[in-house]
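Consider the two complexes below, in which chain A is the common component and chain B and chain C are the respective partners.
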Partner chain A sequence: MHPEIDRYAHIDSPIHRWDPGLKIVGFGVFVVAVALLSKPASAFVGLAFSFLLLSASKIPVPFVLGRLKFLLLALAPFFLLLPVTVVSQPEWSVTWEWSREWLALLLTLRALAIGVAVFPMLGTAPFHLSMKALQDLGFPKTIVQAVLFSYRYLFVYLDQLRRMRVAARSRGFRPGLNRRSFRVFGYQVGMLLVTSYEQTERILKAMKSRGYDGTIRTLHASRRAPADWFKLGAVLATALLLTLGDRLWIG
Partner chain B sequence: MHIADGVLPGGTLVTGFILAGGWIVWQARKLDAEDMPRVAVMSAAFFVGSYIPIPLGVTSIHLLLHGLVGIVLGNQAMLAIGLGLLFQKILLGHGGVTTLGVNACIMGFPAVLLGWVFHTYLAGLSLRLQIPLACVFTGCTVALSTVLAALVLLSGGEEFQVIAVSFIVGHVVIVVIEAAITGVVLSFLSKVKPELLYLTPLPPLRRTERGE
Partner chain C sequence: MDRMTALSFGSVSYHYPDGTRGLGNCDLCVQTAERLALLGPNGAGKTTLLLLADGLLEPDEGSIEAFGVPLGEDGAVLRARQRMGIVFQNADDQVFCPTVFEDVIFGPLNHDLSPEEAHERAHEALKQVGLEGYENRVPQHLSGGEKRKVALATVLAMQPDLILFDEPTTGLDPRGRIELLDLLEESEQTLLIATHDFELALRVCTRVALMDKGRVVATGPPKEILMDRARLETHGLVQPPWLPYLAGVEPNTP
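Up next is the complex of A and B:
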C-alpha cells in the first residue's frame, strides 16, 4: 500500500470542509507557536489541542500513531543522553541530572504536537488542492510545481522499486552488509535515476500536448465561507493563548 | 541525519529556512520551464532510492544519497533534497516540518559543494581515478553533514553536548556505506547513462578536452 498523506481526504468532517488555504495558514501558525513553547505543561496543552483537531478531522488514530513511531524512536535517545554530562577537567567524570528529563519531555511533547497536527493539516484535502492553496497564498509557482511533480512520480518509482526487489529476491538475493549487496543496492538506485531521466522528456511532451504552461489549474474553485474564517480565528486564538500562557505562567 | 520537530530553538529554525529557502528560490529562478520537471522527477527517484533498507545488525538504515544528488543536480540539489525531506516527513514521519530548512541546509550545502568539486576537478579524470576519488569526497560530504547536524544540535544549549557527540559517532558507519554505494551508482551510471553525470554544464575548456 502506498504511504499517501491524503489517504483519508475523501471522508467528511469540519476540518475536511475547511478551506485549504485558511487551513494551512491556521495550522502553520499553530505549529510555529508550539515549536516555540518553553514549558512541558504548555506543550502538553498544545498536544491535547492537536489531538482535538485530529479527532475533529475523523482521520483514524491508528493511522497517525503508525506514522509517529519513527518520531518516538528518534526522540527516545534524548531521554537517555540529555541528562548525561561528561567532564574532562580536572578528571573524567560522568554525571546524571534528573532535571534535564523535563527538557527531554518538553522536546517530545512539542514534536508530538506538531507531528499529530500535520495530519489534519495536509491529510484532509487531496494533496494537489493543498498545493494549489499554497500557490494561491503566494508560494513560488516553480517550487509548488516541483512538489506536485515529485509527489505524483514518487509512487511510480516506489512501484518500480518494489518490482526490482521482488525480482532480486526471486533470483536468490538476500540483503546483507557485503559487496554483492552493495552492488545490488547501487544498481537499484542507478536504475531509478536512469528511468526517471528517460521518463522526464516523455512527461514534458505529454504535458505540453495537454496545454501545460507552468500554472496549476483545477476545477475546484476556492470559496471561503464565514465558517472557514471562524475556524481560522479559533485556531489562531488558541495559538495566541498558548503562547501567552507559556510566557506568563510561572510554574 | 534528520532532526525532528520541537528539538531546536526558534532562531535556528528561522535561520535554516532563510538560508535554504533563499538558495532554493535563487536557483529556481535559473530553472526554465523544461528543467523543472526533470529536477522534480529525479527528486522523486532520489527519495525512493533512499527508501531502500540496508540491513545493519538487528535493524536497518536508509541511505541519504545527498552526495549523489549534488553530483547529478548540482546547484538544484538543495531543491531536490528539500523535496525529499518534505516527503519523508509527510509520508514516513522522519524528520520535521519546522526543521525542513535546517535539515535542508545540513544536507543541501555539502551536496552542492560536492557537486562543484566533482564537476570542477573530477569530471575530466579517467574512471579508474574518478570513482574512488568521488567515493572519498562523498564520504567527506556525509561527514560534513554529520558535523553540521551536531553543531545545529549544540545551538540548543550545552545540555546537547553528549547527544551531539553520540550523533557523530553513530554516523561513522553511514559515512562508509554511503561512500561505497555512491561509488557503485556512479560506476553504473558512467556505463549505462553517462550523460546523467554531466547534466550541469561543464566549463568550455573541459568540453574541448573531451573532444565534444
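Up next is the complex of A and C:
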C-alpha cells in the first residue's frame, strides 16, 4: 500500500467539509505562524492545536504518526549537534551547552506541529482538488502542475525502483556500503531519471491529445458557505493568538 | 481528397531529434468508418504515424489532413483533436487522475462541455467498456486490463469520429484481449490500429497497411496482406502457423 497523504480524503468531518481554498489559506497562515514561534512552550501549544485539528479531521492518529516517524528521525541529530560548540582559537575546544537543547526542542516541536497540520490541510480533500484550490488562489500553474504530477507519479517511480532492486537481487546483487553497491545505486537512479523523463513526455502527449491546455478542470465547484469563513476566522484567530502569546506572554 | 476521407498522409517524413528516421515519404489514406490495421515490425514507424496524425509531432516534410483540414493550419490541430482520440500503448501514461471518473471526464471538461453533458458522457463511456461501478476506484490499483479499458473510456467519452490505437492488446491476458477485440468489433467509429496482433487485424479490421522502415509498403484486405507469407517475411514479420486456419484458407509455403 502506498503512503498517499489523501487516503482519508473521502471520510466526513468538519475539516473535510471546509472549502479547500479557504482551508489552504487558514492552514497556510497557521503553519507560517508556527514556523516563526520562538519559545518551546508556545511551539508546544501550536503542536497541541495541530493535534486538535487532526482530531477534528478524524484522520487516524497512527496513520499520521507512521508518516511522521521519518521526520522525527531526521530531527533527532539536532539534540546531539546543537548543544555542541567548537572553538578553534586561541586553541581547539569543544563545549556542551545544555541550554541549546531548548533550541533543538523548539525546532522539533515546530516541525512536528507543522507536520501534523499538513494532514488535515492536504489529507481531507482529494489531492487534485487541493491543487485546483491552489491554482484558483493564484499559484503559478506550472508549479501546481509540477506538484500534482510529481505526487501522482511518485508511487509509479517508487514501484519501478523496487522492481529494479528485485531484479538486481535476483541476479545475485547484495547491497552493501562499498563502491560497487554505490555504482549500482547510481545506475538505478540514473535509469529512473531517464525513464521518468521519457514517461513525462508521453503523459504530456496523452494529456494534450485530450484537449489539455495547462488549466486543471474538475467537476468540483467552489461554493463557500458562512461556515467555511467561520472556520477560516477561527484558525486565523488561533494563529494570531499564538503569535501574540509567543511575543508577549508565554515563557 | 474526397469527402469520405478521415485522415490522409501525403509524402510525410519525420526524423526524431537524435536523427533517427521515424517516417520517410509515407503515404496513407484512412476512409471514414473503416478499421485500418497498421502492421509492421518494431521501428517500422507505426507509433510515429499515430503521433503525427494527432498533431503531437510535426512532420519535417509532407502534409497531413484530418477530416479534410491540413493540420498545419492555425488551430487545425485543436479542432482535429475534438474529432479524434488516441489510446496509448501504456495505460499508465494515459490514466493519471486520482479516480477513474476524474480521468474519464478529463477530456470532455477540457473541451468545455457543460458539467452535466461531461458527466453523462463519462458514465456512458464507462458503461461501454463494462466498467460501471468503477467511478471512484484509484486507477493505479487496477489490473492492466482494467487500466486499458479506462484508457479506452477516456477517449470514448470525447465521442471522437476517429480513434487511434497504439498496440491495444499488448500485455493483456487472454480474457482481457478477447473483451477488447469484441469492443473494437462493435465500434462504430473509424479506427486506425497500430498492432503486432495478426488475429486482431484479421478479425476486427477491414483493411491492413503493411509498414516497414518508415513507409507504407502495401495495403489491402486483411486476408490478402496476412496470407502473403513471403511478403510478410520480406518486411520483417513472421506469419503465425495458425493464422491460415483462422482465416479459413489452406496454408502455403514460401
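In the analysis below, the second predicted complex is superposed on the first by the 237 of 251 C-alpha atoms of A that agree within 3 Å, B and C clash if a C-alpha of one lies under 4 Å from a C-alpha of the other, contacts with A are read in each partner's own complex, and residues count from 1 in each chain.
The rule is simple: contacts are C-beta pairs under 8 Å (C-beta built on N, C-alpha and C of every residue); 3 or more make two chains touch, one makes a residue touch a chain.
Just so we're clear, the structure is a prediction, and the values are computed from it rather than from any experiment.
If you put the two complexes together on chain A, you find that chain B and chain C both fit without a clash.
Judged by the touch definition given at the top, the superposed model places A:118 against chain B, while chain C stays out of reach.
By the touch criterion defined above, A:32 lies against chain B but remains apart from chain C after alignment on the C-alpha atoms of chain A. Counted by residues of chain A touched, the larger count belongs to B, out of chain B and chain C.
In the superposed model, A:149 makes contact with both chain B and chain C. Of the two partner chains, neither chain B nor chain C is touched by A:248. Contacts of A:203 after superposition on the shared chain: both chain B and chain C are touched. Once the two complexes are overlaid on the shared chain, A:177 sits against chain B while remaining clear of chain C. Look at A:211: by the touch rule set out above, it reaches chain C but stays clear of chain B. For the superposed model, the angle subtended at the Cα centre of chain A by chain B and chain C works out to 70 degrees in steps of 10. Taking the two complexes aligned on chain A, the least Cα distance separating chain B from chain C is 7 Å. On chain A, the patch touched by chain B and the patch touched by chain C overlap at residues 149, 152-153, 156, 199, 203, 207, 213.
Within the complex formed with chain A, the chain B residues making contact are 2, 4-7, 10, 13, 24-25, 28, 31, 33-34, 36-49, 51-56, 63, 65, 68, 72, 79, 83, 86-87, 89-94, 96-98, 159-163, 166, 177, 180-185, 187-189, 192-193, 196.
Those residues of chain A that touch chain C in the shared complex are 2, 6, 10, 126-128, 149, 152-153, 155-156, 199, 202-203, 205-213, 217-219, 221. Chain A contributes residues 3-5, 31-32, 34-36, 43, 67-71, 74-75, 77-78, 81-82, 84-86, 100, 103, 106-115, 118, 122, 140, 142-143, 145-154, 156-158, 160-161, 175-177, 181-183, 185-190, 192-197, 199-200, 203-204, 207, 213-214 to its touches with chain B in the complex. Chain C contributes residues 51, 54, 56, 78, 81-82, 85-86, 88, 90, 92-94, 96-99, 102, 105-107, 109-111, 115, 118-119, 136, 140, 154-155, 158 to its touches with chain A in the complex.
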